[in-house]
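Chains here go by letter, A, B, C, D, E, F, G and H, matching the order in which they are written, and residues are numbered from 1 within each.
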Amino acid sequence: MYYDIILSGFGGQGILLTGDLLASAAMLEDKHVTWMPSYGVEMRGGAASCTVVVSSTRIGSPISEKIQGLISMSKPSLLKYQGRIRSGGLLVLNTSFADPDLVEREDITKICLPASEIAYQEVGEYKMANMVVLGAFAAHSGVVSLEKLEEAAEVLLTGRKKKLVPVVKKALNCGGSYKKYVRAVQPVKG
Amino acid sequence: MYYDIILSGFGGQGILLTGDLLASAAMLEDKHVTWMPSYGVEMRGGAASCTVVVSSTRIGSPISEKIQGLISMSKPSLLKYQGRIRSGGLLVLNTSFADPDLVEREDITKICLPASEIAYQEVGEYKMANMVVLGAFAAHSGVVSLEKLEEAAEVLLTGRKKKLVPVVKKALNCGGSYKKYVRAVQPVKG
Amino acid sequence: MLQGCVALAEGAIAAGCRYYFGYPITPQNDIPEYLSGRLPQVGGVFIQAESEIASINMLLGASAAGARAMTSSSGPGISLMQEGLSYMAGSELPGLVVNITRIGPGLGGIASSQGDYWQATRGGGHGDYRLIVLAPNSVQEMYDLTIKAFYLSDKYRNPAMILADAILGQMKEPVRLKKPPVEIPHKPWALTGASGRKAQIIKSLYLGDGEMEEHNWHLYEKYEQLQRRDTLVEIDVDDNADILLISFGSCSRMVQSAVGMARSRGLKVGFVRPITLFPFPHDTIRELSREVGRVLTVEMNTGQMWDDVRLSLHPGCRASLLARPGGGIPSPAQILSKMEKLLKAGDKVAEGIC
Amino acid sequence: MLQGCVALAEGAIAAGCRYYFGYPITPQNDIPEYLSGRLPQVGGVFIQAESEIASINMLLGASAAGARAMTSSSGPGISLMQEGLSYMAGSELPGLVVNITRIGPGLGGIASSQGDYWQATRGGGHGDYRLIVLAPNSVQEMYDLTIKAFYLSDKYRNPAMILADAILGQMKEPVRLKKPPVEIPHKPWALTGASGRKAQIIKSLYLGDGEMEEHNWHLYEKYEQLQRRDTLVEIDVDDNADILLISFGSCSRMVQSAVGMARSRGLKVGFVRPITLFPFPHDTIRELSREVGRVLTVEMNTGQMWDDVRLSLHPGCRASLLARPGGGIPSPAQILSKMEKLLKAGDKVAEGIC
Amino acid sequence: MQKVFARPQSMLETTSHFCPGCHHGTVHRLLCEAIDHYGIRENTVGVPGVGCGVFLYDYIDIDVCEAPHGRAPAVATGMKRVAPENFIFTYQGDGDLGAIGFSEVVHTANRGENITVIFVNNSVYGMTGGQMAPTTLLGQRTTTSPRGRDLRNDGYPLRMTEMLAALEGVVFAARVSLHTAAHVKKARKAVMKAFHTQLEGTGFSFIEFISACPTNWNLSSQESVNRIEKEIIPYYKTGIFKEKDGGG
Amino acid sequence: MQKVFARPQSMLETTSHFCPGCHHGTVHRLLCEAIDHYGIRENTVGVPGVGCGVFLYDYIDIDVCEAPHGRAPAVATGMKRVAPENFIFTYQGDGDLGAIGFSEVVHTANRGENITVIFVNNSVYGMTGGQMAPTTLLGQRTTTSPRGRDLRNDGYPLRMTEMLAALEGVVFAARVSLHTAAHVKKARKAVMKAFHTQLEGTGFSFIEFISACPTNWNLSSQESVNRIEKEIIPYYKTGIFKEKDGGG
Amino acid sequence: MSKIVIKEEICKGCRYCMLACPRELIHINEDTINNLGYNPAHYVENQQSPCTGCALCAEICPDVLIEVYRDKKR
Amino acid sequence: MSKIVIKEEICKGCRYCMLACPRELIHINEDTINNLGYNPAHYVENQQSPCTGCALCAEICPDVLIEVYRDKKR
């Protein structure tokens, strides 16, 4: 198998960590993985994104022109990356920060959910929106299992961050049951 | 014609100027010329030397392994350069600073004269030894004429140095009549 | 899973390096940031120098004292180190310099680029010298080749450089940390104080007649030895391959993807990756280019390794270049399509023939 | 009769250069020493900078303001200028940098050497750029090529370098000063204050998507143009020559002596001297090497121009190298004997065949 | 109603790339005000060093020349010597001026070059992500001093204004802050004086701006303002340190 | 009869390359005396910069590492951090330390590196043939200031000892002269103190030696001595400028 | 009555103006996110304690987003 | 009586010792040129005004060429 995905949003939304978690979980499933952040002169404040590639064989390029999946947590990132999703690919959109009407693609599967609100309601933390979205992505795509994501969270979140593990797990699982919340899961048309 | 010569001695003896005068005079005779000083980390105080090449055709290398002429004004310079004179070549030695017994070469023409004393006696200036030696070289070798050397002196010595011109001319001519003073003109043996 | 810069830093520590001197510059700040925390934990010293010039000269001093030490920087900072690098090579001092490149020339940008190939391999400083240049293409190699670089640098008493870029520095991949037993060779030439032996000098200026020429030939001989003994190259060539792709560093990852795509379409292709850029694997490439007969070099610059490839090629071999400078990244699809075009053209089209 | 350094300084003044910024280093001190007296006489400015880094950046500033300006240095100092040179090339700023070389690497010595060939022609700084490099071989050319260097530098908006050595800098020869009419081109890009026009920027960092790649190809295109239009070379080849000698700078003087000696012995020889080292006269050498079939390159380093010669040679041409680094000077006799050995060996001995 | 405060004319209408609460914007504005005040927009050239202030040209409507990191004073020297009639200022951060470019600024000051140096001291390397700067306070945690700046390993925070004021060639030197409106007003006066100095041809003028980098300080705006008041100004005293004839 | 004055043990028996009347030789001797006094020949490393003093290794029987021009303090920093138990000094001229290496010496001093910097100020670039140095006096003619150093073009002579003494990291800083036997004796005391400072591990120590370069001054020895007394010392005052605890 | 106008679309929500206003007329709107991704500052007229046009808010705004209109009568 | 010994062969004739000696016991020998090319300094005993062994000459010699022997009796 081979799967490439971009995770994107504003700085401060935990985008890079989300990608890290995804890659780490895939690694625990004995996959080859790469995690590649994009960054620039405007690292501060501005946009944040990373590309994760998961594959059962050795990975060449860690970046991709066309991607199978996109997680988007902001309006600018949606506008910037939606065009790169392959036909038939998957978009997971946090509608708390981007109006689903902005999605122009008709040939992809769309999961649009107000992840920030969900996170706030379910685990009491707006900031866990990234985990909600990741859970939804995992559940829908099957690229990694929710169990491995939980395992990876335990590995990654250590020290002062250790106390976040339960919250993270909860948020992931909320995402896993995304269908409960989803404004729209729009499968590929035509 | 093609002639290469090294002029050498201590710093402060006017070696570089002497070479300059020789080259300038040759230039006035429409020859191709090059003047190349040797210099080093130890420019100060220590040794001074330059190579002058005079030729009727375009000059390639401005330095020479083997030379036709050597003017030496110090013991170290004599020891350093005498081995580079071609068989049949010419050495003009200022014996005021180097014992003629130190000359090891038998296959060259040697003009050994106490140029400093001569300069002092004839023009009142020890420092004119270089011009005495140059005059002797010119007269013997015929590479340039004494007249052109005088002309070159007028061209080169300007500004504050202009007043030296008559002394220089006198010293050159003293050198020109080197046979008067010479301890030994030893032509090539065997 | 580690970031490339962190893997490199851990490689340095595994190699026994305990001294880091450097000045911030993107995209390599993860190295000093990581080491500023890590080195004191292992009894090492981290100094943020006031400039790259101070950095390279602190490295020179630490190396002269016999330690394994390093600095890291990017384009503009590496340019400022050229005098120091020339001195280190001239004084035969080992030491590691990491260049996580930027786009050049000038201030440039921090995207990935391979535009410092010439500077690294031809000696950007003055005089007849070379750096030992290693070009990783994975996070694992960021670790492994750092250890190797210290080893070669000490072996030949010559500074070594890791040449990588933002992709390799920023990317995370799984890494196996090997913790090899640290064997830092004895350095009798180090300046430790003239106790129980004659006073020693580390210098690059020899004043005796002919000494500098001799010294230059001595250095040259070391470089020839490197060439003979320590050239590293990755080779992955199909039997009866129709085309040979040559690429190094991050760019070679895109080429590897393209090779995979080509093979899945049934093409027979070869792939060669110089791991040491100096010494360059001239012989390997000469041999393979003779066998395969057609070469495509892919670089993220305007064609710098292209010089070395052309100096290696077997006469008559058809050679083409796909170059993308200034942060442009040749995608696997672009590489594949170039490959296919060349194969289709057969003997007719002769782009960049050498 | 003028000294090489003085002729060069007079060439700069003849070219309309009125600004000199530099830091002392042997063997080029005659340039600043002379200009410190001369420039104020013609209304110019002489600043002894606190370092070579300050020098190159003062030059950058003066050039950005639209003036013809210069600096000069030698090996270690030129190495320190690499960042600034990369910025100038990236910002498309003209300006003259003179390198009267020393022996390297490191502190080295001040005797004649050509060990900075790679640094000059491959860009010792970071990124994909080139300097325009001119290599005089006489005092007259120290004057003439300085004027030419300013011309080309302005024409292409790229820094130019005069690469010479102690022999050329220290030697005196007769010189004809041509006092050409100074034509400094109009520089609408210069920063003179945004009066009557939009504000202008001089920079090397472009942030827009793909802009840096475009900028790099733009620079590349200039270098290709230089190659096509402004390559300079001296050719002196006998009909049916049996061997072609290639050499530049001071070393070519020794080769010229050797060629004279060979001819007086009745040999048929050719001589090619690249005057521009970048752009290198690849085509001329390819053509002549095809005709003559045997080449001997003579350099005062371990064989740096040798790369460019081999990249030019006609396939099958036999090529040898006579290299003397570290202040060693190949004497005319040594060159002649090497030539004779090669000719005697005929097709049998194949040293350094390419 | 009268518009009593608006964007200066020479300041371009655009959104800056600076982080929220970053004082670079305030410094830009003060420069624009002085440019407008003296009517010199058309013969001013700005020379930014490398740091968060490098994009000067995006914000001020004047000719701009990018300088290599730390070398702006040398670049400005070359420019000013060619065109003494132009107004030339450099714009440099504390890494740019206090670390890599230390020698250039001191020697330029010592030569008494008739230029103005604008120095933004935010006690970190902002652009590169918050590393220790020469001006970082003792104990301050940064990405390269994770245990806090330690005088034994890292030395002391450099006081650039004091060092420069001690040089003969310097005509005007001041340190100002921007964390309250009152301080901004004092800063404006200092900028006017520095500009005046150069316009009179008197010599080298220098202003250090204490500035916040909330992003790399990891502080909120309120905390940043407090830090400036309670920690920074006690070490980096504000005031005019040198004012020779002609300086205002 | 007792031998009361002889060549120090650690000083090699050889003729120096220095010009007649050059004070580099005197500085070398004082260093050797201190090395012998403290018995540290076997754990001392000297780091000469580039200048007439570069051949240190020909004259002092210790380990020596050549540093690039101006960079000796950085080289010494690297060495000292690796081997804090060794005695490390740099040996630098006024071009080396005051011009190209200005930043390195100031930042090394500011870090309080526990090394000793020996600074030979002869107000010209000796080795390269007498060009203007940062320390050249106003009006002084050199090969690159043929009309005399002009403050408007060339700036002011830098007083390094005063600048460095102002830094926190500096523990000992003195300026001494060598033109009379009495001054040489004072210089010896300063050298001993500076060495002591480092041996105690207290921090950065610095000595500036006013020295003659008769060759490039174009002066006789008598004239050189007079110049030091009448022109140089009035501008470059001798004395101990800083002496913290542990400095002697 | 004096007043100010804030360019809220490009405000970065740094709060400096809010901290500076002696009349507490500026608030950060936590419910709104502008296109830059920030909660912008918002000016709220207050008849009891009206804006004085003192311009302290404008002086402190690092992004120069505040225009101040002063009532001539004062 | 105290005395000094000068290594005249490698003296550079800088005259510092001559200028330093309070008893004027050191002279520059203008007639001799040593191998380095200099007129060396020369110590001349003087019974009337003998050397005191004060070592001022040695202290000032930049080439460290003077050894001083002091008479124990003094």
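The criterion applied here is as follows: a residue touches a chain if its C-beta (ideal position, glycine included) is under 8 Å from a C-beta of that chain, and two chains touch if they have at least 3 such contacts.
Because the structure is predicted, anything quoted here is derived from the model rather than measured.
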| message | Strictly by the touch rule at the top, which chains does chain E share as contacts with chain F? | response | C, D
| message | Counting C-beta pairs in contact, which chain pair has more, A-G or D-F? | response | D-F
| request: Please compute the C-alpha centroid of chain F, do the same for chain H, then give the distance between them in whole Å. | output: 26
| query | Using the average of all C-alpha atoms in each chain as its centre, how far is it in Å between chain B and chain E? | reply | 63
| query | How many angstrom between the C-alpha centroids of chain E and chain D? | reply | 40
| said: How many angstrom lie between the centres of chain B and chain H, each centre taken as the mean Cα position? | reply: 37
| chain F: which residues touch two or more other chains? | 19-20, 54, 66, 68, 99-100, 102-103, 107, 111, 127, 129, 134, 153-154
| note | Where chain C touches two or more other chains simultaneously, the residues are 45, 47, 50-51, 53, 76, 83, 87, 91, 106-107, 109, 111, 203-205, 207
| query | Using the touch rule from the top of the page, what residues of chain B touch 2 or more other chains? | reply | 41, 45
| field | chain H-touching residues of chain F, taken from the complex the two chains share | value | 1-8, 11, 15-16, 18-26, 28-29, 178, 180-181, 184-185, 214, 220-222, 225
| task | Give every residue of chain A touching chain C within the complex, in rising order. | result | 20, 23-24, 27, 32-37, 39-41, 57-63, 65
| remark: The residues of chain C that touch chain A in their complex are 1, 27, 109-111, 166-167, 170-174, 253-260, 329, 331-333
| Touching residues on chain F, where the partner in the complex is chain D | 50, 54, 66, 68-70, 95, 99-100, 102, 125, 127-129, 131-132, 134, 143-147, 153-154
| request: Would you tell me which residues of chain H are touching chain F in their complex? | output: 2-3, 10, 12-16, 19-20, 36, 38, 53, 55-56, 58-64, 66-72
